[in-house]
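Next, two complexes with subunit A in common: one pairs it with subunit B, the other with subunit C.
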Partner chain A sequence: MNIIEELDRSEALLWTILAQFEILAAEQYARSAPELLTPEKQRLVTLLRTRVQGPPELAGTPLEVPVAALMHSVRSSSEAHVLIAQGLFLELIGEAIYRTFGANAATSQPTRALCEAGTAASGRAHAIVPGLLRSRLGTGDILLRAIVNESTPLLSSLDDVGEAIDATYLDRFGVSFADLMGDVAAELIALCLELDVDRRKLVAFLTSALMGDSRR
Partner chain B sequence: MNALLIGASGYLGGLVAAGLLRDTGALIVAPLRAARTREGILAPIRDELRSEGRAECIDFERIVTVPLPSTADWSALDAVVEHYGIDQIVHCAGSVDYFNSELLREANIALTARLLELAKRHAMRRFVFLSTAFSSGYIDRPVREELHTDGDGIDPTEYTRTKRSAEALVAAGGVPYLIVRPGIVIGDSRDGRYSGKAYGLYQFWTAFERLLTDRYHEVLHVISPRVQLQLVHQNAFKNAFVAACRHLPLNSIVNLTSRPDALPTARALTQQFCERVARPQQIFFYNKLADVRADIVDRRMRMLLEFTAVNSEIAMHAWRFDNTALHTLRSLGLQFVDATLDTVLTCQNRFVQGSPRIQAYLAKNADLFAAQPGTVEVGAA
Partner chain C sequence: MGLAIFGEKVAAKIYLLLAELKSEFSPLLKQFARMEANHGAWFLEASRANGIEPDRAFADNELSYLISQVDEHYANKDFDALIIVQGFIVESLAIATYESFLPIAHKYPGTSGVFQKALDEERYHVDWVVRYLRLRYFDAIDEFRTLAERVNVKGIDCIGGTMMNISEYLDKIGMSGAHCAGAMMDGYTCLLETVGFDQKDATKHVVGMFMPLIRKYRRGEETK
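This part shows the complex of A and B:
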């Protein structure tokens, strides 16, 4: 059953965006990292395919351009890119979004139900991905180098997404991008430390990538 | 002297290009990577000179761009050197990617070695190397204007070590040299304009902008010891670099840092930002990240602290510098505006005025701002 028409515009936009990214993730996992195409992920994607159909279009919204740029930054199908950009970063971001919106009193029941499926899917990926990173890409400085190579475009495009998210969701739900990224960064650092990545090096990289250019 | 300028597309290289165009008659040949265009590097140089009211009288045809050859075909630059009658290399390229060992070695050491070979092959008159004031690593005495000895100090990252190694290569390269060691370059003292990346102070301001402006925070936690930050305004850097090229004897080393009696501390600068921009009710000041109690700081505030602490480690060290060469240049007429609390405020104001997010934060939360925030000191001084 399509839920889009039941939702207010900001929630409908949220699911339109998340459906795009989850469907792309499932396609990339099928090609390059089948371990991450878990039953939970397949269930989520099936739900999104059936329940999120039709308008609203992103065109003309503040989210249109930054979301397109973010989508473009994660399209490579190389194994390293899929494991890091999708399996690590976007799954952690997804987990933060699902957890935050799922627990938000202002969201609708259909949104909370989909968030529950999303939390299960991204939580499962979160549990699997460290082992895959370790066995496929390595640990420590080798892994950090791969993280730098594969995630820099994604991280560089996040700031614009954040501004659009705040414009769309801060007043309505009290959710800001900085809230989400605080959780994501903390989880990411904890996960990478388990894989012997040097904390100072990782934080220095994240700082440069996320804080970006400050030309005035 | 016609110059081969390496790194003209970077922040400091662009300032050097503007200074050389303004104050000398030299032809500047700038090798560019394939992704760069001549117009792309000229635009910020033109802006810099325009903001000084000097763009109209500059002949920008004096900047010539040539393709940067691959390392496998470095000899392509030999023809460039011959063709343009180049008699000095001004090497402003490098990496400040503190923890990327491979890039640091390539950009700071290997590239310098290749350029020195080029200079030596053509018997150039001088090799000018842009280093850093911090190339000694942490040492317990003033940083002298001489080559540092390896193993003398403690390197906080490989950055300082690779810069020190490159200086040693330059000094032993068989070509007369000038090594310029600036502190942390920030915006122009007159209007605050800044075209560099978000390092140091700008990283703190940017982190505040991106992490904390979505809503008002009554309490802020900041790491800012009472240590002077070795800041140099970009106009002072530009003037001093060119003056050093013109007036210092061959085989000189010059520390470009502001007068210690003028420099503000990290604490004063943070307090200035908090009192004028963030406006919390209370500020917790820490001297180092280890002093921050995890249980009293939320995850987002902790990210702000981590993000701003890691790349500020070098800046937060209590440095002291010998400035003999800079005194000489001042006595010869160099206009070198020292960084002070007031001049940094000019840069801060420019940043704040150019930030729609901070402007929205200021407008939205004006009723909540503290007239004077309370302060709490945490940890040993």
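This part shows the complex of A and C:
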């Protein structure tokens, strides 16, 4: 059953965007990282395909351009890119979004139900990704180099999305991009430490990329 | 250099104020103040030896917000708030920039030795502050958390903002301002962890406060 028409416009926009990213993730996982196409992810994508249909369009909203840029930054189907950009970064971002909106008293019941499915899917990916990164890409400085190569475009476009998120969700839901990124960074750093990535180097890279510093 | 020189002088002033607030630590904190004043004097000498005139107006503009916070904490006789501002936040900025400067210090004769010594002494100050806070808030981590969150709101906005404002100048002399900012964030996060914040909690807290500053930097806006 399509839920879009019964949702508040900002919630409907949220699911329109998340559906785009989750469907792309499923396609990329199917091609390049089948271990991440888990039953939880398949269930989420099936739910999103059936329940998120039609308007609202992103066109004309503050989210249109930054979301398109972010989508463009994660389209490569190389295994390294899919594991890092999708499996690591976007899954952690998704996990933070699902957790935050799922626990938010201002969200609707359909949103909370979808967030529950999203949390299960991203949580499962979170559990699998470290092992895949270790076995496919390596650990320590080797992994960090791959992270730098594969995530810089994503991180560079992320802050613009953040600005649009704040414009759309801060007043109504009290959800800020800064808080979401705090969650993401905390999980990302903890996960990378388990893979012997040097913490100072990782934080310096993340800061540089978010600041849009191309002279690193 | 203006910020390093005049910032060290402000640091000396803050340690003197701290010495007034807790007499039991007064001799040590006065010694810290003398060390900070020495750093400022060494940096001024090294700066002039390299034909660099420190930009006083820039430094004053950056430091005025810090000084107003310091005065407020001092007026409230809030030693612990003041020690976090100086011992954690200001020192994190100093350590991150001095560490990053050392690899290029050879380009500026006479700076390597003084920046290395200053860095060693800043770390010594931080070690003492960590020890003080660990003892003070032993079994009272929630209280420390409340204090840190209160102090950080303005403290990070101020000092993190300065980090962003000097970033492009650091780039111009061959350092990476963004790398320094990352090092400051990570250094400060580690300090919060050392006193008792959970690792993820500390990261979330610090990143959440730096993100608005990073956005202003990307937009080319002044952070303060």
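Observations
Just so we're on the same page, the second predicted complex is superposed on the first by the 212 of 216 C-alpha atoms of A that agree within 3 Å, B and C clash if a C-alpha of one lies under 4 Å from a C-alpha of the other, contacts with A are read in each partner's own complex, and residues count from 1 in each chain.
Simple rule for what comes next: a contact is a pair of C-beta atoms (placed from the backbone, for glycine too) under 8 Å apart; a residue touches a chain by one contact, two chains touch by 3 or more.
This is a predicted model, so every value here is computed, not measured.
In the three-chain model built by superposing on subunit A, subunit B clashes with subunit C. By the touch criterion stated above, A:A190 is placed in contact with subunit C alone, subunit B being left untouched. In the superposition on chain A, no contact is made by A:I147 with either subunit B or subunit C. In the superposition on chain A, A:L170 makes contact with subunit B only, while subunit C stays out of contact range. When the shared chain is aligned, subunit B and subunit C each come close enough to touch A:S208. By the touch criterion stated above, A:A80 is placed in contact with neither subunit B nor subunit C.
Only one of the stretches 43-51, 133-141, 187-195 or 241-249 belonging to subunit B has C-alpha atoms clashing with subunit C in the superposition, and it is 133-141. On subunit A, the patch touched by subunit B and the patch touched by subunit C overlap at residues 159, 162-163, 176-179, 181-183, 185-186, 189, 200, 203-208, 210-213, 215-216. Only residues 159, 162-163, 176-179, 181-183, 185-187, 189-190, 199-200, 203-208, 210-213, 215-216 of subunit A touch subunit C when the two sit together in their complex.
Note for the complex: subunit B touches subunit A at residues 97-102, 187, 192-198, 202-203, 205-207, 210-212, 214-215, 298-300, 302-303, 306-308, 310-311, 350-351, 354, 357.
Partner subunit A is touched in their complex by these residues of subunit C: 167, 171, 176-179, 181-183, 185-186, 189, 199-201, 203-212, 214-215, 217-218.
Remark: subunit A residues 141, 145, 148, 159, 162-163, 166, 170, 176-179, 181-183, 185-186, 189, 198, 200-201, 203-208, 210-216 touch subunit B in the complex.
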